[in-house]
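In the two complexes that follow, chain A is the common piece, with chain B as its partner first and chain C second.
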Partner chain A sequence: MGKAKIGVYWAASCGGCDCSLLEVNEQILDVAAAADILLWPCATDVKYADLESYKNGEIDIVLFNGAIRTAENREIAKLIRTKTKALVAFGSCAHTGGVIGLANLATRDEIFTTVYGEQRDGWPQVSASQNGYDLHLPEFLETLTPLAEVVEVDYVVPGCPPPREIVSQLFSALVAGELPPMGTVFASQKNLCEECPREREQEKITRILRPHQQEPDPEKCLLDQGFVCMGPATRGGCGAVCPAANMPCTGCAGPTESITDQGAAMLNTLASLVGTGEEGEDQLDAEDAILAQLDDIIGTFYRFGLATSLLRGRYHEQNRTAR
Partner chain B sequence: MSKTVRHVSIDPITRLEGHGRIELFLDESGGLADAFFQIPELRGFERFCLGRQGEDMPQITERICGVCPEAHHFASTKTLDACYAAPPPPRAKKLREVLYNAYIFSDHLLHFYYLGGPDFLVGPYAPPQERNILGVIGKVGLELGKEVIKHRGYGQRIIELVGGRPIHPVSGIPGGQSKGITEEERTEIETMAASAVEFAQATLDVFKGKLLEDETFVRFASQESLALPTYYMGLVDKKGAVDFYDGDVRIVAPDGSEYAQVGASDVLALIEERTEPWTYVKIPYLKDVGWKGFTAGPDSGVYRVGPLARLNACKEIGTPLAQTEYEVFLDYFGGGPVHATFAYHWARLIEMLSAAERTAAFITDPTLMEGPLRAPLGEPGEGVGVIEAARGTLIHHYGLDDRGLIKSVNLVVATTHNVAAISLSIKEMAKAVVKDGNVDQGILNLVEMSFRNYDPCLACATHALPGQMPLIVDVRGTDGAVRQRIER
Partner chain C sequence: MSDRTGPFEPKIVAFLCRWCSYAGADLAGVSRMEYPPNVVPMRVNCSGRVDVEMVLAAIEKGADGVLIGGCHPGDCHYVSGNYKTRRRVALIKRALSEIGIDPRRVHLEWISASEGHKFQQTITQFTQRIRDLGPSPVPAAAGAKVGGNG
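Showing the complex of A and B:
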């Protein structure tokens, strides 16, 4: 068997996924020995023209990070799909839309107004002429989508960014030429609480605490203490590093297999935990009062998954009629 | 109007962070007619940060950039310190310094060996398949290659131990840090930091042995047309020494004289920015000097940030080993300010050494291991936080409502400051090397090397200060003439 041919690409991303590939330290040398890198804009000089020149299916596997935000992201995703045998949605943005999926709370015009001001004439244009030369920009799409809404995805590596151990497992499989069956999600099949070092007693939550409001007890479950920790609704695999650092899980690895909507599942969990010991109608009022302490439901429960949630984003009537 | 006979795209530009494209237009003689540096991406953080909980911002804004998340994480945390009028207690501040300087070390290392350095360590005209970290290891040998990987890992490990994660750390909270470190972890960091100092020195030896002996590097570093006499911006401490984490913003003019020195909250008043229809990035310049187009010199408001700018804006480096190297650097160029854009590579490595020295010093500070991690918070309000990202001055500015939710956000990001200068450098380089219509891959790589000097982060760059800041937009006709100027 010849050397494997691999690619790494970023669409709308931050570069953290690319850096996460280096977190395996010397193991990257094993990968380099076992595979030729046919695409990796962050680290190698391969251009789009080179990508276009490859035969269909010439690349064995592409790790694709980033969401689909512009027309260029979409075009390159489709091009890569034709050139690779296996496509991996790598990291939160490709997998669930990521933090930048929160942009779906606004229309394109609202985003441009915020960034470039009220004057539409002054906004960046898909086609513009400067000093007599024609210049083009890819269209900024109305809605951000994860990779799987544009092309078929064969594997998922969740996380923002994927943790070192998971990347290492993927690389080991790649080097050995023994990738698991297509459809595999490289993560724990259980939720984060299963691997969290904190002690959970499922205590009633009497008030919601935000991380800056109180120093948490270092041993006890953050949720028990009233901090909104996304652990129960989130895939494990990272080793619960955020709770270990006294900060709640923010849900970057997305939902476990059995959960449809990560935010709704976590809200449901939370709703079942709040209470003050009151009974009857007072109980409902007391629970409502506690839940009313949640100051940013979208940013807390849908931090990484808004674009793939049941909510999707804000409903835009004008866009619907425009189509 | 069809002035051009040939159009060449470098798409995408590579070995950098984020998306960019260079458009070259050649004239009849095969020389450069015009060049454009475009950033074809935008994600809209300024919009979707609105309504978020203030304390979530360090973890949200670090997703602007996964190469320099620590810069956004702590620019954001410092902004929240200001919003809550809660300067962190000494222990928390020292922990941040340990992490932050390890980040500068690790990020500069990444650029020299993985991103910009391969152009010289492997060679500017080398086959493109070899011009990367693997090619570098091939050239410098596996032994040094493993040291490179190990020390990048050390930087990341320090970030992980102090910040909770190696990429996208979580420890910064308003007025403090969420966690401390154990004595075992402290000892581990002390050992790694000592090794990092030695490795940074060894890297400077590589620079002197390879780049200063490389004909291409020496030519470009001394070529008049590739030097840009601009203004320079950087953070300095009370003595005027480089400070990555804190301090005043100092700006010097092209002749080295002080143009301004202001505290964090006043820096935004010095900058204005403009939008161009052909790129998603906005272009800042010094307001009182004014926008004179893509040009350098004392009459142009174009200024630069990042390693070279910091070395030009400071009075000294602030750590002994790096200070010695800084003096060698100044001697080489005949004194400062150094305008040679290729000197960014050297400046970056001097900073890498200084950052390692700082990590090594902070990790033995006794206040690191005892005392409170959090300061009591005041009522939420408005705040500005300034920090030196590896690529230059980074400014966050938030307004919080009475529930501590974000009601306004300004982000002025390191690479954004440099956009005008990068555009100018690309054009000057293309002018110098594109001749007789020859645009082979080696020539085009020379053009790309002009932006790699800056180590740009283009995912970062498409974030700029919206809202309150003045804005000038030129509406142009197809002939390029200004039809209307919109100002606010």
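Showing the complex of A and C:
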């Protein structure tokens, strides 16, 4: 077998995923030795024309990071799909929409008004003519979607950004020419709590804290202490790096296999844990007071998964004044 | 759910606990009490079985309203399932508000097995409330493709 042909692409992303590829340190040299890089906008000078010139299925595997936010993202995703045998949704944005999926809480018009101001006068323009040249910008789409809504995805590497161990696992498989069966998610099949080193004592949550309000005890379960840790509803595989660094899990790896809606699963968990002790009618007000300490439900429970959650984004009731 | 043509008829999903509210619905039935036909009852073993995902999935699939019926405080067959549901519903309502869905589309009511009349009243009033609110802002086909697992 000749050298593997690989590609990396970024759509609507922050660039962190590209950096995470280098977190494997010298292993990247093995990859460079074992593979030809046919596409990597961040690191090579390959143009879209080069991508178009490749034969269908010529590239063996493309790591696609970033979500689909513009018409360009969508078009290139479709083009890459035809040019590659295996397509990897790499990182939270490609996988579940990511943090930027929270933009689906606003309409495109609202986003433009925030960026360009109330008097935006037709901005942003998607085409303009100047000095005899026609200029075009890709359309900013109405909503943000993950990669799998535009094209078929073969593998998932979750995380924001994907943790080093997982990237390393993927590269090892790539260098050995032994990719796992299509559909594999490069992470644990269990939730984060399974690999979290903290001690869980099944305590009731009697108050809800945010990380800036108090430094967590480094040994005890964060949920026990009242911090909203997304671990129970989140796929493991990262080695619980955030809880190990004394920060609650924010859920970047997405839901476990058995869950559809990560935020809903965590809301269930939290609702079950909140309480002052024995449940009873006399405790209802106290329970409500604890729940009232929760701030920003969507931003907390759907921080990475809003774009792939059951309800996906914001809606607009027609009849707001109904009784 | 079917297309919305003609005058608006609310589609309501009701999750009813088998020990209390579903029995209350049965009592309303055998007592020949009349109430609007807009509710699709789903029997669950306990209101505590109703998880957040079930309520959101009902809305995503086109329900205009979701009713959850459970045992009165202190009466839960499983001791505390109804308290858990009560807390869940509080969080569901807040999540719905944040994404622009009127939280009044989800309602929790305690209905015992002897309260056929309360069942009738609850259905009547909730159907009227949803009728006033109008169709759900969620297009019925919104989440045809679901999942975050790639």
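Heads up, the rule we're going with is that the second predicted complex is superposed on the first by the 308 of 323 C-alpha atoms of A that agree within 3 Å, B and C clash if a C-alpha of one lies under 4 Å from a C-alpha of the other, contacts with A are read in each partner's own complex, and residues count from 1 in each chain.
Throughout what follows, contacts are C-beta pairs under 8 Å (C-beta built on N, C-alpha and C of every residue); 3 or more make two chains touch, one makes a residue touch a chain.
Owing to the predicted nature of the structure, the values given are computational and were not obtained by experimental measurement.
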- prompt: With both structures lined up on chain A, is it a clash or a fit for chain B and chain C?
  reply: fit
Field: First (chain B), second (chain C), both or neither touched by A:Val115
entry: first
Which of chain B and chain C A:His212 touches, first, second, both or neither: first
- prompt: What is the contact status of A:Thr96 with respect to chain B (first) and chain C (second): first, second, both, or neither?
  reply: second
Task: Would you check which partner chain A:Glu281 touches, where first means chain B only, second means chain C only, and both and neither mean what they say?
output: second
- prompt: Who does A:Leu105 touch here: chain B (first), chain C (second), both, or neither?
  reply: both
- line: Here the angle between the directions from the C-alpha centre of chain A to those of chain B and chain C, rounded in steps of 10 degrees, is 140
Query: Which partner does A:Glu178 contact after superposing on A: first (chain B), second (chain C), both, neither?
result: neither
If touched residues of chain A are counted for chain B and for chain C, the larger one: B
- prompt: Which of the two partners, first being chain B and second being chain C, lies in contact with A:Pro138: first, second, both, or neither?
  reply: first
- request: Between chain B and chain C, report the minimum C-alpha distance in the superposition, expressed in whole angstrom.
  value: 10
Query: Which chain A residues are contacted by chain C in one complex and by chain B in the other?
result: 105, 296, 298
Message: Taking the touch rule as given, give the residues of chain A at its contact with chain C in the complex, in rising order.
response: 89, 95-96, 105, 146, 148-149, 153, 155-156, 183, 185, 254-255, 257, 259-265, 267-268, 270-272, 274-275, 279-281, 283-284, 287-288, 291, 294, 296-298, 301, 305, 308-320, 322-323
- prompt: Which residues of chain B touch chain A in their complex?
  reply: 1-4, 10-12, 14-19, 23, 25, 34, 36, 38, 40-48, 50-56, 59-60, 63-67, 69, 80, 84, 110, 114-115, 128-129, 131-134, 137, 145-146, 149-150, 152-153, 156, 163-168, 170-171, 173-175, 178-179, 275-280, 282, 373-374, 377, 403-405, 441, 445, 457, 459, 464, 466-467, 471, 473, 475-480, 484, 486, 488
Message: Give the list of chain C residues in touch with chain A in this complex.
response: 51-53, 56-57, 59-60, 73-74, 79-80, 83-84, 86-88, 90-92, 94-95, 98-102, 104, 129, 132-135, 137-138, 142-143, 145-150
- prompt: Taking the complex as given, what residues does chain A use to touch chain B?
  reply: 10, 12-20, 22-23, 25-26, 28-29, 32, 37, 41-49, 69-70, 72, 98-100, 102-103, 105-106, 110-111, 114-119, 121-125, 128-133, 135, 137-138, 140, 160-161, 164, 210-212, 215, 241-242, 244-247, 250, 295-296, 298-300, 303
